[in-house]
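Look at the two complexes coming up: subunit A is in both, with subunit B in one and subunit C in the other.
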Partner chain A sequence: MSYYLLPFRFQRLNEKEEVLVNEVGDFLICSAGTAGMVVRREIDSTDPIYADLLANFFVSEKPIPDLIDVLATRYRTKKSFLDSFTCLHIFVMTLRCNHGCIYCQVGRRTPEDAGYDMSLENLSRSIAMMFMSPSKNLTVEFQGGEPLLVLDKIKEAVETISAANKAYSKNVTYVLCTNLSLLSEEALEFCMQYGIIISTSLDGPEYVHNANRHILGINSYESVIRGIATCRERLGNDRVSALMTTSEFSLGFPIQIVDEYLRQGFSSIFIRALNPFGLARRRDGKKSYSVDQFLHFYKTALLYILQLNLQGTHFVEEYARIVLSKVLTPFASGFTDLQSPNGVVNSVVAYNYDGNVYASDEARMLAEEGDYTFRLGHVQRNSYAEIFYGPKARDIAEFWANESLPGCSECGFQTYCGADPVRNYATQGSAAGRRPSNAFCKKNREIIRFLLELMSNSNDIERVFRTWLNPSWLREQPVCQ
Partner chain B sequence: MINGSRGIPFGITHPIVGRISLSPIETPTRDSILLLEDVFSPKTINPDLAGVIVRNRSKVAISGPVAGRPTLFLSDLRLQLEMHDIVAIHTDGTLETLFRPNSRDNSLFVTDNCNCNCLMCSQPPKTCNDIQYRFAINEKLVPLIPAQTETLGITGGEPTLLGPLLSKLLSAVKGYLPNTEIQVLTNARAFSSTDAVKQIRNVEHRKVIFGIPLNSDHSSLHDYITQSSNSFAQTVTGIHNLTRYDQRIEIRVILQRPVVRRLRKLAEFIFRNMPFVEHVAFMGLEPTGNAAVHWGDICVDPSSYETELREAVELLSISGIPVSIFNLPNCVLSSDLWPFCKQSISDWKRIYDDSCSRCKVFSRCGGFFESARTIGRLKAEPVS
Partner chain C sequence: MRIELRQDNLEVRVQLQTYSLDVLHKCFYWYGEDFSVDIETENGSIGLVLLRPKAGTIDESLLGSLSERIRSDLIDFKVRDIVTQETRNVRDLLIAKAFACTDEFDTPVPVQSTDIDHDHC
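Up next, the complex of A and B:
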């Protein structure tokens, strides 16, 4: 009896293996050439793989499978991050900063510069616009520059939001992105009062961190370590998180950076590349590094982390965890960069200090360089509909789903990946991007392939990955669940 | 321990459902059935008694009912009856124990009919016209069940064959036993129709869970076990429909030879396609009924599937779905799986081996099925 094909794509993993992936992320790792055999109807119903093909929705014994409604439910679940629309609202309170980080793209100003703080008028309009989002859950993320330079404005913002929320009863989470060098008693008490989560930067051990992040007259590393300890003590361990950025200098120290995070009592690390990378030089002339260099760094760190896990230390790499949540669970991912449609507008929006509204952080950084392609509008001059559903948003929509991008539409990893029109534009000059030389593609394709290959070779590693996807993490996914 | 018996009826013109009362310990009521331990006529008998059961220990010849009440003379002395047990006496003299307050494993039996004929079924179906009859019995039974009863099953055969009577029964249970946790054992095939599910939803019973067997992650193997084509598709659809209408679900996987190689893949199928289920139970085979008939095809030694079982249990447990292992004694599994083992075999069919008294974990072990003794599967290895 012949079978019918259900929609799937496939991708080579290595010389010996390939992977079949269907529309909802079910996958089958099999020997190279299997996809061809499946398509040519060379699989017999007595073949051991036939049952796997049926169970995982690669083939069907009827033209319309009996369980098509289950597939529909699974597909809806994968895209459920769309249900709530914009839930992450970035408030860029000031461009002023007291650090000089080598990879900064904020377009920062010195603490003495005037005219780069968010006015109260823009703040109140931004807040009003935020509450027009249909999302039940709102995450308010204060960024800068250095937000603690404008603590008064932060307090004003939180108090205004809190008061306004009485009418909406949404679940509001506050995140303060800060380098912690200006942490004061006043700031601590305020964070305690409103349950504000601290997100800071720790690039690695002292010699790595300080090489990347400079502040005149102060040891940035010491200041952030002290700040983390104080915040943990006063706000609670679960209220403090740290992110790292990989500079060219960092590339030499993958294991040391992981060790630093362990030493500082973190249970996870998010290994982030420079933004953007893949260019020899960035637009501002600063040095960058190649995708291959980053991948080498990433894999070294990840393998080290896996070793720790296999020896009994629970420690998670966050980027892998996000990809794995798409591979190993039926749920949607809350990470905007790896969503299709991309999180711009759909999940995240950035209100700049000057009242302009941007599709994302990166869109705002483009504007700092004079490119307003991804500026959605202005809080004083445009309505919610004009900003969130206007011509700019619709232009981006052409390119925000990888299902319809050249190079992505047939890719075996499509379900696990995303689209990033802003980054494509920033690095390649078009929102669609050119896949063969696209750094986002190259990085994700190799990381996904690497993770699948690791699981295929080791049940123990697959088990470790599954422990990373514990239910409380899935439930906590910051944004739109 | 047996659940029923047969005696000689006198004056039983319709089925009697009543609560056992032991004279002279308590004053019988209208719902009571007086149990006399031998043939004699008590001086006073409540004329409103539902019926009388007499154990004919003296083996005398009997000629008529006791004090004009519907009477059943029972020669079979094996049947244990205790005060407040609820029994049914049928017009042909069959006596059935319906409910035992001292047991944690009571169920409402709703029909012998089923729309499957599973290889491992411990209570093989019969095609018969019993739905209305049994519904009438249960209608009389439910009001007599003590309100503090913690759990109650609804089982058969296949309860959904009752059609609208199933929601009617659930309504009655909700009314009389609002605090009792109800578990309906069903293959959920009928719930592939949303109308059937809506009827259940409309009862708005807050304490019902549906226990649904799933044998595999694809139709040919699942349908082979159920001996019914389309059962896999209908059951999975039924599970989704039930959840769509806010019902709670437990998946039951019976551990038998054709399915154990794919246990891990079944666990993955459950997590990917029905992550909303409340609980998954992996259940050891009960060697009775159809299972005894097909024993050669389905029997499997737990040691031979322990790896697959461990992988399946771990996958679900790590993914946040509560898992249990039912019906397997601790000694057949390695100790890392013991935390998942529950004492699940109904008390009236649970036995232990003599050597079990020496076992270190005897107190938390679920024991063996009584039928295991008959089929020669009782192999206990006390843990030291």
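Up next, the complex of A and C:
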């Protein structure tokens, strides 16, 4: 019996295996060359793999499969983030900061510099614009600089939003991104009152963290550890999260960094590479480390984390979890950096202190270097339609879907990956990017390949990965992150 | 298919009936990091791909593995092309069905309103 092909892509995992991935993300790991055999009709209905191909919508016994409506619903579910439109609203309250981090991406100013705080007029207009989003769920993320330098403005923002929300009845989540060195009783009380989530930076053990993050006269590591403990005690364990950034110095300590997160009572770590913006790009006029170096660091840490899990310690690597949620569940991940269409405008915007609105936080960082390519408009001078649906947004839209990008359109990992026009532009001078030399592509292709290969080689590891995706975690995920 | 090393250029000749220009472009797009790639036709029926290394020269000892990689990649992209051609209509139907009856995409763009009503502050 012959069969009809359904849309799928494939990618080599290694010399012996390849993975077939259909349009809704179902995958089948099989012997290298299987895709060719499927296409050449060399698979017989009595072959063991035929049942898998049929059940997982790689082939059909009819030109149009009976369950095409089910497939369509699943495709729609994968793209469900589009329904809500912009849900993550970043408010850059100030560029002033009391830290001097070696990889700073935001063009920070010193605490004494004037003119770099968000005015109440820009704040008011930004909030008004945020409420025009059709999304029922809004995440308000306060960033800087160091937002606690303008605690009064944070309070004003939250109180204004909360009051205005009586008319809109949206689900609003507040996140305060802070280094915690200026944590005060006043700030704690306010965060308690409004359920504000604290997001801070912990780069690893003291010698790693302090090598990356400097503050004059203060031990940055001790300050953040103290702050985390205080916030947990007053706000609750689940209201405090930490992120690490991998510097060149960090590359030598993957296991020590994971151990530090364990020691500090975290149940997960998000292993992040340097973003190619700001100081991270300008240092010595060249990138501080290669993608291959980061991948080695990442894999070392991930394998260590898996070892911990297999020994009974539940500990998650967040980037892997995000990718795995796209591989192993029918849902969208909610992670704006790994979406197609990309999260710029669709899921996230950044309201800068000066009233300018940017397509993403990274777009704002480019602007700090004098490049306004991804500036969408100004809250005082442009309407919501001009900013969110205007010519700039439409220009970006040409390059925000990996389904139509060179290299990505044929890639077997397309469904699990995303597009990043801002990063492409920043690193390669083109929003479309060039995949063969694209760091974002290289990193994601290898991480996805590695995760699939790990699952193929070990049922135990697949079981660990599935525990990372338990239903309660999926339910708790904010719509945008 | 013929793969030959001539004066530091790797020349790949294929029948266009077997590997279309689309397949050649998609396949050799991925060689762009290490090679300058030119794609031409000869006599209308032969596709000629010229690969010139961006740094150094092609070591003859690596020619075997490079040729094997090229053959393997071409087959892969040919297979992808077949899937794309055969499934184009089903894929279009799938996506059309996925986004059909989505009223929110017909919702007009929000009209600019004034600042937040101060009664709500």
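A few remarks follow.
Keep in mind that, in the parts below, the second predicted complex is superposed on the first by the 469 of 481 C-alpha atoms of A that agree within 3 Å, B and C clash if a C-alpha of one lies under 4 Å from a C-alpha of the other, contacts with A are read in each partner's own complex, and residues count from 1 in each chain.
Heads up, the rule we're going with is that a contact is a pair of C-beta atoms (placed from the backbone, for glycine too) under 8 Å apart; a residue touches a chain by one contact, two chains touch by 3 or more.
It should be emphasised that the depicted structure is a prediction, and the values quoted were computed from it without experimental measurement.
Using the contact criterion defined above for the overlaid structures, shared-chain residue A:134 touches subunit C, although it does not reach subunit B. Look at A:470: by the touch rule set out above, it reaches subunit B but stays clear of subunit C. By the touch criterion defined above, A:410 reaches subunit C but does not reach subunit B. With both structures placed on the common chain, the touch criterion links A:120 to neither subunit B nor subunit C. In the superposed model, A:385 lies in contact with subunit C only, and not with subunit B.
By the touch criterion defined above, A:73 lies against subunit B and subunit C together after alignment on the C-alpha atoms of chain A. Of the two partner chains, subunit B is the only one that A:26 touches; subunit C does not reach it.
Put simply, more of the residues of subunit A are touched by C, taking subunit B and subunit C as the two choices. Once the two complexes are laid over each other on the shared chain, residue contacts for A:310 go to neither subunit B nor subunit C.
Within subunit A, the residues touching subunit B in one complex and subunit C in the other are 69, 73. By the touch criterion stated above, subunit C contacts subunit A in their complex at residues 26, 29-34, 75-77, 79-80, 82-84, 86-87, 90-91, 93-95, 97-100, 104, 107, 109-113, 115-117, 120-121. Interface residues of subunit B, counted against subunit A in their complex, comprise 216-221, 230, 232-233, 236-237, 240, 262, 265, 269, 271-273, 275, 311, 314-315, 318-320. Subunit A meets subunit B in the complex at residues 26, 45, 51-52, 54-55, 61, 66-67, 69-70, 73-74, 329-331, 459, 463, 466-467, 469-471, 474. Of all residues in subunit A, those touching subunit C in their complex are 4-10, 12, 23, 35-36, 39, 63-64, 68-69, 71-73, 75-76, 79, 83, 124-125, 127-128, 131-132, 134, 160, 163-164, 166-167, 383-385, 388-389, 406-407, 410, 434-437.
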